[in-house]
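Chain lettering (A, B, C and D) follows the sequence in which the chains are written, and residue indices restart at 1 in each chain.
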């Protein structure tokens, strides 16, 4: 059901993190499905649909299987959408999942992670599989039914072969006729 | 994610079918995930949420993987919700998936399939896996995100062991690190 | 704000009433604003929008000022939408305002009141002012903000001159700088 | 239908205006019904319901009869909701009606107009009649049907007696049995 020839997900270029004690990296999250939600706090579609959807995903899937990460990719109204404003926004909208501030490049309107992922704008939803590959990159509105199915399809996949570089021991899981086994080493 | 100790799904007791040339049976559908949507045409929650949701499921999942079946389980206002009225309702609401009229038992307010499945009322959503076992039976509103995930989890499962009786050659599928393979013999 | 050159509202041709002890007539309701909601129980837009809207109108405006009347104008699937089916529908959807079954003419698909009012279909919302004149006849969806304003504009109007035939003493009301006076003889 | 013993609406204390060439005052708007929508750009209920509702009001009622005025009354996260951020917000949300930035008092968390009107928070909807009196002050969500009716009730009222101070010639209107006359001097 995915629409992307699998390529390894680029590193996140993060200026600052919210809602997490540790600096997260894709390598640290290897083995989990990652739902990366790129947004701008003043983007109406992000506020009305994509961010509430990301909150529903975070509430539904066990964190050991699925990591929801917000990415504040500001490409317009930079002064208004500074990190302090973002902090107020995250507080008022009760957004609890980790949120990365996409790092800016001086002189470039588009932030670094947005460029690295070739995102078309906000909201963009990127699904990264348990082997760290991009399996979906969608600009605009995704309906819940499809998103739930796409995420579960990635949860159900076995981990990548050992040849893939990983920062930690690969998590083994897989599906058989009794169901999909959650990796034990969470 | 399922909430039901797997038991074999009981036979459907059908008085009449709509939207299908052939008389469907669970055995004939073995190998597909079945989404059985029990409803009454005058049940507000069925009309406003469950049936449109079933239409979304039918539109999203390939029919070779997931079969959506409506079950008109009338347990009140029997005269009003007769099969001719149902035909008009299915036409006006553009419901195209197969719909079974749950067979009545003289003197019993509750129709036969509703009793066999111990349904609490309408709407009820029953998910039957590719081995023909009930994996979810939910009364009331199910949100799209969860339903998409639950259905996909069952799609991703391998077929049952050959010991399970089946009306046709078991469909083989399964998940590996490249994804979930759609059964080829559709 | 109205869109209809005022003509006297035609008599309602009613085969049967629900939710009222007395047989209602427009003359008996003279002095009140009448919100006539023409619907079919199997018309999706009626069920999803127009009837809930009519319930909101009935809940908001004092019954002594505004009378909400449903009109079941069946022009298709006549067998399915018979009065017994309508009774079940009104019960399940908790519709409490009076509902008239539009009288059929043998050999004519279109019922009599629908013809008399030249309604284009269902749902249709007809606003009749306190003098018994049609001030709005709208086919399809009306948004709440506009409907609330249109009804209040008619509530705020003074009663018709005494020359208008009325079944009861004309109700006197009117607006001045302190507000709109509710007719005292309710 | 109003819930406020009529008192004269206090002056607006405005630090800055958006979307208007002229500095607006209640006196300059005398004769029109004023819909004052107090909001904060990071207040979820304001963004999801109250501001879109104010836009619907502005689109429905003729500007010569009803003036919609936004009031940005920031009482929390002051740094984040500065006027430049507000400018970006108004642009992204396509808010075109005039918006006043409620003037702050040094050392006071609550801005001046919010205090003068004793507003409980945001969103708050204040209806001011054609004589400049507060007729409704509602904190939280107002449904469209009621708001449309309340605004029209005020539109239908005659102008205040000449003794009321006004910056311009009082607009005369009123309701009779033919309807509510729109003031001619727009």
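Here, a contact is a pair of C-beta atoms (placed from the backbone, for glycine too) under 8 Å apart; a residue touches a chain by one contact, two chains touch by 3 or more.
This is a predicted model, so every value here is computed, not measured.
Annotation of subunit B and subunit C: not jointly contacted by any chain, touch as defined at the top.
A separation of 52 Å divides the Cα centre of subunit B from that of subunit D. Inter-chain spacing, taken between the CA centroids of subunit C and subunit D, is 33 Å.
The set of subunit B residues that touch two or more partner chains is empty.
Because contacts link each chain to exactly two others and close back on themselves, their graph is best described as a ring. Subunit B contributes residues 2, 53, 56-57, 60-61, 131, 143-153, 155-161, 174-180 to its touches with subunit A in the complex. Here subunit A touches subunit D in the complex through residues 42-44, 47-48, 76-77, 79-81, 84-85, 87-89, 91-93, going by the rule given at the top.
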